[in-house]
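Presented below is the structure to which this report refers.
A, B, C, D, E, F and G are the chain letters, set down in written order, and residue numbers restart from 1 in every chain.
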């Protein structure tokens, strides 16, 4: 199968990305017809995966990959088993039709090429998620789906609602992704493996470990946010701001199932424990109920579908959580069914929207004449969604009831009840979406209703028919897709035998009938139910969606508050904090080691030495006390002078020399500058501030002095100086060791030092010379145009 | 000797910190000038002290006289003096220009870069 | 130009003095450096005239040193005395010398000698204002200066 | 400042001080001194001249813009380390030649070149600062 | 130690003590002022004392290299005084309130002493 | 011979120190800045000059002597100039001489010029 | 007398083997930038030639740094003792992988900024030293990275600092002077603390050579002096690196200069601080580091969180980016706190990433400012239509800075999270992830305001009132000078994200060298001991 040494699977993964790059160019040339060309890519990928079906159903697994980052054990590796094959086929197969549908839906849109690009990018990322074997690779594709989803949701970017939905999706799924990252990293750390396939082979190693719960929670954090589980469900309905192809593809058929995929993938490691079977059904069930209840409440068809998607995802999570073989089978079947019917229904709603200009279910009716094809496929798809035979949805529902109805435990009863209520409500929505707009009296719509182009109906047609065919050929479907995938999830071979017609009249059939009856009852009382739910929601008055806004605003406000406290803008405060930190920095080690330097008897200084110290101190005090800047400058001279003399007393003539020069020049420059500076004698500080500053000054001086004392009381290593003394004259031909150090032993220091001096000169020149920015700039900009250097102002005299 | 000088250096540091903590720009600059001296003395003392004999090799010798001062800290301090002098000159002129342009010598009133009324971050999308 | 050359020689000599070596090469180098130094101040020295009558300069110097010691002693006496009773004042000294160089020299000598200190020269360069630490009679002081320094400067430099 | 006394004496002082600064520069290797101190003395010289006679004469005296002198000094300082490349020794290794000129052995070395670079940098930069400040004052 | 050395040593010590006293006096003048020119004058004097001090140390240690330091101290001391003088002049010429107050204050102080 | 030189050095040194002290005393005892300048510019210069000379004699080395002399000359050249500059600036800006100053020709000159 | 002594002494004091020409690469970046800077100053009045001259030297700088990195990766630590004096007596430039990679990335950034500056800096800016400042800034930066001597490091820090002053005030506007004053004084304080610490360290162990310090510190008993010195280094370099709570200088100044200056600052300045922390705390004073690990971790966490919160609180994009620089520093500090090989590698990787991405962000922001006429997210809008390419580039950088794959920021984040989990610093991992999350939020907000929104905040929904100024209106030079640097940096961001193997190897090697400096020590001191 190798193609130039590269496995075709890698090409299949890469192909959408390549196509994404090409898309804008194609769209520029072919406009919406580029869809035909671009759809070939997913179609070919789909075709490629059909090649695996036989082998996979025979129980084979493939790990294919190439080294990516050997140093960090990251491989560009993929794992093909029943689970990934079905997902990959759904993604590529539905993807092909979505590309076509996009061409029709966004015909004439100026950014169509970009749209294709994003869709294909997403497709590639999603393929990556379900195929990836390496945990890091998996995560990367996971995050890429979040990113592309962000771009697609915000496609109508001028609308604030779109932008909000986009960033909301990014925040929730991206945030969840970060949690997942931690989980995956820990998983890899604990298992010692980087490849999912290798971890799966280790089987139950984690279930008794202390790491089990933390890692599980982290992974659930990723999965629940991505798959819109309550209470993170709110982003998904908002994501409906995206163009319909996006909703159909990302937010029902594929991306939102990534979380479910992940749960199914890690099921062998985490599944079938008490924790697993408690948490997942709990959240899944809650999501199912919340989703369906909120769906019923809507009148926007797209939103109705969106909420039922939430509900379906809840159902899938719930089933995965139950962990029994039947439940897993049910989950797989329902996943397949849902992808087909929901993708189709979204496209149908899009077509209605496209054809009539509205999506409000109360504002359309009797469209079947105008849109016969659309109606047909809508009918087929919703039949499946309603769970009625002979659609795949029916089989799925039967199996899932088998899975839930293990009536040995009370909580399974509860779960089943939830499933029944949920399914009944989905039945209601299915009919509300499929029949209400098409049947009944014709209602005037913003646009005159018309059938869509083939680009628009091909997708619904294919998906809904697929649903039908899959159900009719139930056995084959089961053999080729359901059993391999369920086996992969269970991590051991299952024997599945699917039939369209139930072989035995058992509890599931009864439950199905209950579901339908309940559904019909609710459908007939839809308006009342809607009002009831609306009333309840109004009385609650809050939901996670508002919570999101509040959280974001809260974060921003908190940030502004904290930042205002930290970066408060007053220089004096900045300095105070800095000095306080310095004092602490020095005090703590002294205190922690409890090593205070010893104070010897009075140091033996000569009288004149004392007097020079005294002069230094008097100079300092004079600077501190100076009534005004002038006096301070002169006093500054005293201490500098004293320091120079100190250097001289301790055998440092070069230093003394330099200190005299530098001090004098400092004072001179200070005087030059001061001529124009206002020298108000005030010290702006309040008394309390002065006390604080004085405290900091005294403690700061003390800790520095003490540290220095402590340092100098350690035996000194004068190796370096001995070396310098020894070779200064002999090799470096200089008798002044200090100067030899400066220009030879440590000449590079001096090189840097003169760089400092040079730059200082230039910087000061810039400071002084660039005076009126506006005027000068205008002048020079003009000069730029005519390409002649402007004459030097002022300094031109010299040259 | 080092102990005695350490005390003096501590006083230098204390004075300079007190000045640097001022609001008046010129006092801050004075503090900076003094802290430069304090640090130089600190490095000088760190290399241990000896009296009066400079590290200069007499004409008829190959090495400096016994008990001569440690030359390395002197070289370090020289470099540091030059650098701190440069920085001081720059800071001085900068302070002067800031005073000219901003019309105040109180650093707490220099609030152009970080105005007191920071705009609130937008809350929409 | 010869004036400049002379100053250059003077600077060369100063170089020799400062470096403590009057070897040929050092003096040659000193000459070059002196030339460089002159080059830097070429504008300012362009019009000035060269020195002559070296011996009179020496005499002037000797007098000056003597006066300096005298003046220091006088200050000492004033400062040490338990009570200081002085009649300071600023007097206007009419200048005879009129060249920049001579005025400068005179003013400096006045400053370094007893009881007097040059404060300012009037814009028309005709008057030197001298602060005297104790000046019971201004005219006497003026005469003193005129007879000692100004005369000798005139002798030395004209 | 408009006092003839200073104006008259300043140029001579300047010339003397520049001379002294070169002296200090050249003997730095053996006695206290060197490029930096020498440079500072020269700066003081130009500062005195500037205060006495004004900024323009100093600028004219220096011919080149002081910053350019400074930059040249830096260039020279860095350049002084390069000849050692050709001697296959590390950067800034001191290389000495002692030609005999007029019977006197003269030590010439890359550290000396480097020290002259230091001198020029200091002279250039600090003079530039002083002159720029002085200029502002007189405007 | 020869007599000469002992003598010099004693003289150096005496001179250093005298200079130390002078230092203190000068510093007192700098601190008490009262006028800016007073302070500058005292600073100038301090430089002169410093030169003497360096010379004394030179004699004490037999290191004549201190001479150059003394000379350059003289040079820059001159520069400092020139700069300060110019500074006083400029401040005065821009009619700085501070200086006028400073001058008046000094005059009053003297007036009080009479 | 050496001892004689040493004695001279010691005496010159002390002489210089004493003159420096006198200058300092003048600084503290005299009444106004102009009078203090007398002390500083004369006794001060002489004091430091003498001490430099002491160093030169002590060294008894040509290069040191010539340098010391050059230094002294330089002080003699600059000290009066700085005194002049300081006095002039102080006066022009308005630092009045003390009230004992009976004669003030400069004041008259300046007021003449003004009118 | 001197002759034979000299011959004897040379053997004991100096390196006697001839120096291979390739070793000159360790000093070449400094020579190139210094001479280039000097040349630019000498020709500064010919403003029209300034960019050309600088460009030659900047290109040479990149070239020598590439050569240096390959030399180092091939032959290990490269040492040159300046002036031939044996280490630890002379100044040794000792370049390991850490130094070489940082130096290279920094020089690439400088190259980009130099190019961008052709258009962004006017004639006045050129005349008063933009290019010399930039080149000498690079002297400081490369010198800091390459030197093996702690005091010499201080000197290069100062070169860097003073050059940054020059760049900061180029323009002399009120806001610049205000920002520069705070920047200058606070940074001056930091370098002063550095100098104090170095002085004390010298007093304690009597040496300045880093390899020698690493050796001698081990022989020293733990005690207050060493503890104080270590803490002081942490404070000084932490301040340079803009760690909480001593990072006031950064938000006070980064938004004030020209955008190209902000760009180079954001890329380089703080990272030099991080580098110095790595060198001193991780390599030289490992005991002190591990004693303070908890404190560093707390600082790291607070820094990253306050940083990103600062970014969230801003309306000016430049300010927000400044805070993001801080936030990134927190992550780098986290790696240092954890201190394992992979954590340090993460820090190093993060530093490389941060240099590139922050510079690129500022450069792109420059274009936003030019095209949108403002840096205020309340006033921006409609740029998506105005320049989709710009939108794309900025978005890539947003994702990169948030640590999202497949861009350069992802890998260091993964490494750091992984190492903190492994070392049971769970809270640090949480903080890193939370910071990534908040960063996404903050840059995502900026992006949607500036690009997606149709017009300024006041404009009605779905409108298209965004003000778009064509680049040609604000430009006199070629647009390529703006786009090429951005394109180069963004492609680096992508390449490092997609093909990080080389970088992993380099930072891995760098981290190993820092944690176990024995190879470094033997290379530097080998001749002497």
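Everything below uses one rule, namely that a contact is a pair of C-beta atoms (placed from the backbone, for glycine too) under 8 Å apart; a residue touches a chain by one contact, two chains touch by 3 or more.
What you are looking at is a predicted structure, and each value in this text was computed from that prediction instead of being measured.
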Chains in simultaneous contact with chain A and chain F: D, E
Pair sharing more residue contacts (C-beta pairs) when B-E is set against B-G: B-G
Rounded Å distance, chain C centre to chain G centre (Cα mean): 60
For chain A paired with chain E, centre-to-centre distance based on mean C-alpha positions, whole Å: 70
Chain D-chain G separation of Cα centroids, rounded to whole Å: 35
Approximate Å spacing (C-alpha centroids) for the pair chain E, chain F: 10
Chain D, residues touching no fewer than two other chains: 1, 3, 5-6, 9, 13, 16, 20, 30-33, 36-37, 40-41, 44, 47, 60, 62, 65, 67, 70-71, 74, 78, 81, 91-92, 94, 125-126, 129, 133, 137
Chain F residues counted as touching two or more neighbouring chains: 23, 25, 31-32, 37, 45, 47, 61, 64, 67, 70, 74, 77-78, 81, 84-85, 87-88, 92, 98
Contacts with 2+ other chains: residues of chain B: 20, 28, 42, 45-48, 52-54, 56, 62, 72, 76, 78-79, 82-83, 86-87, 89-90, 93-94, 97, 107, 110-111, 114, 118, 120-121, 124-125
Which pairs of chains touch, using the document's own definition: A-B, A-D, A-E, A-G, B-D, B-E, B-G, C-D, C-F, D-E, D-F, D-G, E-F
Complex contact set, residues of chain D against chain F: 1, 3, 5-6, 9, 13, 16
Of all residues in chain C, those that touch chain F in their complex: 14, 16-21, 64, 68-69, 71-72, 75-76, 78-80, 84, 86-92, 107-115, 117-120, 122-123, 127, 129, 131, 133, 135, 138
Contacting residues of chain B [partner chain D, same complex]: 54, 56, 78, 82, 86, 89, 93
Sites on chain E touched by chain A in the complex: 16-17, 19-21, 23-24, 27, 30-31, 33, 36, 39-40, 43, 46-47, 50, 53-54, 57, 63, 65-66, 68-69, 72-73, 76-77, 79-80, 83-84, 86-87, 90-91, 94, 96, 98, 102
Residues of chain A that touch chain E when the two form their complex: 606-608, 611-612, 614-615, 618-619, 622, 628, 630-631, 634-635, 637-638, 641, 644-645, 648-649, 653, 656-657, 660-661, 664-665, 667-668, 671-672, 674-675, 679, 681
